[in-house]
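The structure's right below; bear with me while I get my questions together.
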Amino acid sequence: MSQAECVECGADVTLYDDLEAGEILDCDTCGAELEVIDVNPPVLDRAPELEEDWGE
Amino acid sequence: MSEGSDALSTAVVGGSGFTGGELLRLLAGHPGFEIVQATSRSYDRKTVGSVHPNLRELDLRFTDPAELESVDVLFAATPHGVSMERIDEFFDAADTVVDLSADFRLNTAEAYEEWYDGHDAPEYLDRAVYALPELTREQLPGADLIASGGCNATATILGLKPLVDAGLLAADDRVVVDVKVGSSEGGAGGGAASSHPERSGVVRPYAPTGHRHEAEIETFLGLDVAFTAHAVDMVRGASATGHVFPEPVSKGDLWSAYREAYEEEPFVRLVAGGSGVYRYPEPKAVAGTNHAEVGFELDPGNGRVVTFSAIDNMMKGSAGQAVHAANVAFGFEETAGLEFGGLHPVGSP
Amino acid sequence: MSEGSDALSTAVVGGSGFTGGELLRLLAGHPGFEIVQATSRSYDRKTVGSVHPNLRELDLRFTDPAELESVDVLFAATPHGVSMERIDEFFDAADTVVDLSADFRLNTAEAYEEWYDGHDAPEYLDRAVYALPELTREQLPGADLIASGGCNATATILGLKPLVDAGLLAADDRVVVDVKVGSSEGGAGGGAASSHPERSGVVRPYAPTGHRHEAEIETFLGLDVAFTAHAVDMVRGASATGHVFPEPVSKGDLWSAYREAYEEEPFVRLVAGGSGVYRYPEPKAVAGTNHAEVGFELDPGNGRVVTFSAIDNMMKGSAGQAVHAANVAFGFEETAGLEFGGLHPVGSP
Amino acid sequence: MSEGSDALSTAVVGGSGFTGGELLRLLAGHPGFEIVQATSRSYDRKTVGSVHPNLRELDLRFTDPAELESVDVLFAATPHGVSMERIDEFFDAADTVVDLSADFRLNTAEAYEEWYDGHDAPEYLDRAVYALPELTREQLPGADLIASGGCNATATILGLKPLVDAGLLAADDRVVVDVKVGSSEGGAGGGAASSHPERSGVVRPYAPTGHRHEAEIETFLGLDVAFTAHAVDMVRGASATGHVFPEPVSKGDLWSAYREAYEEEPFVRLVAGGSGVYRYPEPKAVAGTNHAEVGFELDPGNGRVVTFSAIDNMMKGSAGQAVHAANVAFGFEETAGLEFGGLHPVGSP
Amino acid sequence: MSEGSDALSTAVVGGSGFTGGELLRLLAGHPGFEIVQATSRSYDRKTVGSVHPNLRELDLRFTDPAELESVDVLFAATPHGVSMERIDEFFDAADTVVDLSADFRLNTAEAYEEWYDGHDAPEYLDRAVYALPELTREQLPGADLIASGGCNATATILGLKPLVDAGLLAADDRVVVDVKVGSSEGGAGGGAASSHPERSGVVRPYAPTGHRHEAEIETFLGLDVAFTAHAVDMVRGASATGHVFPEPVSKGDLWSAYREAYEEEPFVRLVAGGSGVYRYPEPKAVAGTNHAEVGFELDPGNGRVVTFSAIDNMMKGSAGQAVHAANVAFGFEETAGLEFGGLHPVGSP
Amino acid sequence: MSQAECVECGADVTLYDDLEAGEILDCDTCGAELEVIDVNPPVLDRAPELEEDWGE
């Protein structure tokens, strides 16, 4: 298992060995949804956010 | 259902939703309107009462929104984006359109670019009248495209407007508004976050920043507002607490400002620090009604005025406000169809 | 407040209580009554709106029940025992007395010995008419002492009556009734058990056996009922589920019995196994209204019929029923003042 | 998470659901188990804490149920039908399977034909042990397929069993059971009927007749039960009220029967008519715990005994019961991991 | 009840109240304390379980607070004013006093003159250590008069402290704090406003300005805070939303500040904008636990940071905090007796 | 608009003119879901019920 830094909060995120580019992970510190941009070395970026309609 | 020969024929697009159901309830009890159509794609051909149990006596079935009847007035209670896309069809079917969504509330295409995802029919934006009758009553008579004000915006604007009108708040004063809302604001759609086990008993920050209603508030109140909403455990209701820091004022000044603003208003009630259990505005006290309770408290220690306003989001925050606006637009009695005064005791309506 | 010159002058004794407040709300919106007095010892001289926030527009202050005004009709919404003690005074002040308590519901002094703690004015028992209009409509016109039926009794009786009328239930058949009630049944008094922290979220057996309403049910339905009530988390509402074991019947037989019983009734709605969310009677669907929802389901496997009925205890279970009865007694339109049809969605009203 | 070298390695299939989450919570605090896998298709790769906020400290991510790890014990908390379909795979991965669904509760394929839609793996039915430890404790040690008892069945059986054991109820006596349940019984899936606006404040007949738990009750209690369930406004909890009509008994007889049945039981508490607010069993008093409260009241007037039982459906009604059964099966302390005793005050947990 | 020979003997004065009951629950499960006395005047001689149904297994009866036993530690959970009046007696009976009231939280008699009604035993004010361990951990070991921090103050301070520590907030910056609280904050006493019918479903401004906790916040955080509290429909929980306007910061800056403040803290959990249903701190997620959830969101448009914190007022806001402080004072494991991690799903606990 | 009898409760159900076989209606008396079996003359039958799992 390797590690990468969360772009939102800076915490270490543990990565699975069989990680694939395009997967979405949540940071277990801040909960941000992170997209795996590259695998070797691992690069994470904030996942495109689902536009959330809270109703009104 | 009212059936006076003079009653305006009326359609409700989105009649199976929460605000659509509330419109049907209000219009059915209104002497000036006759409901001829209520649309729903999911409940096409089903009785209105099978969705809205309080309307079981209404002899009406949902029909497909693709086939609009010719009517005098069309109320649209559809999700954001539907009205702007279908506005030409709406006007083919009806002389007057009352829209409950945010699609025609802002004035410019740019504002829709900034706060929403752009606009499909910007040519209608000038023609639309924003409907918060306490603010825009004069523009409503004769209007043929009415954009009913948003629930959180209505609660916020009603609480702060007297301070603005009285010159106690300047455009660049810092204003914090903390809103608490019920689950019906989310509409009938639902999802995991709005399931009963997850939504019960919450105090949940939602839209903690950047809420789209800031745009309406800024446009119609002329104030920048730092706005945050929390979901709490009620079904109907929106309560807006404003924290403002004006030049030193007395309670007398505040009473003057609020009475000046609202003493002629049929739907605004001032409640500010009396005795008993209900001393300040609260949603329970207006549940089911088109009333807004508005009040304030002075905090001399912090140089602060706290403003409170409470509405039923289904009524003064949407369907009731839309009917009120239509009453003004068509010259009906302002309170027609909106006479219900609420219940006590009442739980979490 | 209605002020037609022909309106009957009216007093509400116990106007600060829950059912008293509901009476004031209904009478204020009723063309046939004019409220001249609302009593309260604890809130003497305070505005009615300080206790009942939905009545803030009512221009009325509580007065002392010791000083009764002369009126056409006096509604008493006082705890058990008060009316029987003060009935002579009530008739000195008023031509007609409508009592919401249990004080004049049973026919004989013996019954009060058995189920309550005796009776102070047994000479009035014959004169009183029990008011559950679906049962006793014929006796109401001209009655001058009206004993409005109890909430749990009303819910229970309405659910079972069609089976009795249709001969499907015999006097000695075993009948279980399991009732769920909201917190407003306890009145405004409160106590530790009805505080919000203790009462929220409960399913609490209360009056598990020996509930006094069994007496009313037995008297007016002619059935022995094994009755149990549970407090659940709602404010308004009573829901009675009856479990009965009649001779084999079909669903068609049941529909006939229930339609026969209620198809002419303005306040009873049959709801029995449709589609959607609201398939059987439930209190939410009638909250704030004088409607009763009544329905049933067949359980062939157990030779059982399950009956359901749901009312708002503040309305069809007390104040609404009292006004309905007064409407019949005075020859008003039966639904006068009772037109409100309820809300959707609605939480725990 | 417990990590003793002797701890049994454990997987939870359906870990993102309500009972799955509860299992994870219990197993994480249990000295005898070590969680190595929690599955979810929808939340694959997400942290367990993103779904169950109370488990944010748990360092575990969901994985795909298609790839089962080799473990000592597999708990299945999946919808009806999944376990019966995958049972061979489950046993390939694990030595012991504890199933929370109804898939292995009944004894015969015929029963599944009658009450469900048949069975995919009837050859396992004999091997499965029904787990309601108060009833089947002796059969659990060494069992390798444990079918944890259903929530409503558990509540019902616990309330009536002492009467059966004491010979006070015969197989053909008429028994009515009226159950009130919270919204977590419906699982995390949700739908329109379980959205907060529709589900709040309800007393809603659901499964008015023909509830599938009747099969379990009949099989393990040997009684025919006329069963009806109502949804009420709480999240956790099931409360069963039984109405039975035995030969004349005294309260002393009843106390003997109930004490005989439960005085050695670590998770059953007798509550029958004391003082204070909490006099009879109620779900609030056991929320979050594996306790059942059981009690009764005598109704001499109607020749009736009313029985009450209250559990937390997530605990004694599912996950807690499963862990209790596993404790017995593996020879752990019966209360291991199940020590939490509940809260006061508590709302609608 | 723990009975290790080394356990400290303990009394709870005010054991029949809400925080007193919570203390009894925690102490009963704590290896370091042995309960020898729980007082109540109203329930003198009754079992603890008759008031707190979750403690039915506890073999203990209330006794009169006039007769205090000699103990190592006395916890006082009495209304404001009682401890200051009886503090000498408390120290006659016990070596260490842990007080949950506000009686010893402020430092000077003047502060009590300003915010309360003066002080009866000002000589103890210096000796008392304010207990919010995240703030005052170092002063607790060996303290013999511990003043447990207030619930709303704790929620507020925890949310803002990281910003103060990181130099992002200056003493004269404008800070608005809008708090939402559950009904257990009012204690077991109750009254009309806290009855279930009146308190259900509310969003009720209470203490809209001038809340006494401002004094604690100002003293221990060094910030003036414009504080407003609202009662909402939950039993346990306090949620504080802070609105602050610091110099421009990035989300990374905020994460650094909050992680710096709390990453070593056993009871503080950072939750700030993840995915799923529970994205920000909320009381449901910590109900029944001694955890605080703390988080924030950035509002660049308004130059604002919104801070969120959520606690269970019965735990981190009172009894849990008191036990935590005692753990530190006596050198126990900080989390001893406070391990419960909460439930999911959970309603309005 | 024509009428047909509800097979569940016996009440009259009002039918639309453009009714087609196979459509599902709810009876406005008893709420039962009714399938249009035939159009001319109209014949209704109880619609096949969706097996509803109430959870357990």
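Order of writing sets the chain letters: A, B, C, D, E and F. Residues in each chain are counted from 1.
Just so it is clear, contacts are C-beta pairs under 8 Å (C-beta built on N, C-alpha and C of every residue); 3 or more make two chains touch, one makes a residue touch a chain.
What you are looking at is a predicted structure, and each value in this text was computed from that prediction instead of being measured.
Peer 1: How many links in the shortest chain of touching chains run from chain A to chain C?
Peer 2: Counted as steps through touching chains, the separation is 2.
Peer 1: Are the two sides of the chain B and chain D contact the same residues or different ones, given that same means over half of the numbers occur on both copies?
Peer 2: same
Peer 1: Please work out the Cα centroid separation of chain B and chain F, and write it as a whole number of Å.
Peer 2: About 37 Å separates the centre of chain B from that of chain F.
Peer 1: Let me have the rounded angstrom distance from the C-alpha centre of chain A over to the C-alpha centre of chain B, please.
Peer 2: Roughly 39 Å separates the two chain centres.
Peer 1: Residues of chain E touching 2+ other chains?
Peer 2: Residue numbers touching two or more other chains: 18, 183-184, 188, 192, 197, 200-201, 233-235, 271, 274-276, 278-279, 282, 284, 345-349.
Peer 1: What are the residue numbers in chain A that touch two or more other chains?
Peer 2: Touching at least two other chains: 26, 31.
Peer 1: Given the complex with chain F, which residues does chain C contribute to the contact?
Peer 2: 251-252, 255-256, 259, 270-276, 279
Peer 1: Provide the residue numbers of chain F that touch chain C in the complex, in ascending order.
Peer 2: 8-11, 26-27, 29-33
Peer 1: Name, in rising order, each residue of chain D that touches chain B in their complex.
Peer 2: Counting only chain D, the residues touching chain B are 18, 183-184, 186, 188, 190-192, 194-197, 199-201, 233, 235, 347-348.
Peer 1: Which of the residues in chain B come into contact with chain E in the complex?
Peer 2: Those residues of chain B that touch chain E are 174, 176, 178, 180, 192-193, 197-198, 200-205, 208-210, 214, 224-226, 228, 230, 232-234, 237, 239, 241, 243, 245, 277-284, 297-299, 301-302, 304, 306, 308, 310, 345-349.
Peer 1: Note which residues of chain C are touching chain B in the complex, please.
Peer 2: 18, 21-22, 25, 29, 46, 50-57, 182-184, 188, 234-236, 269, 271, 274-278, 282, 284-285, 287-289, 314, 339-349
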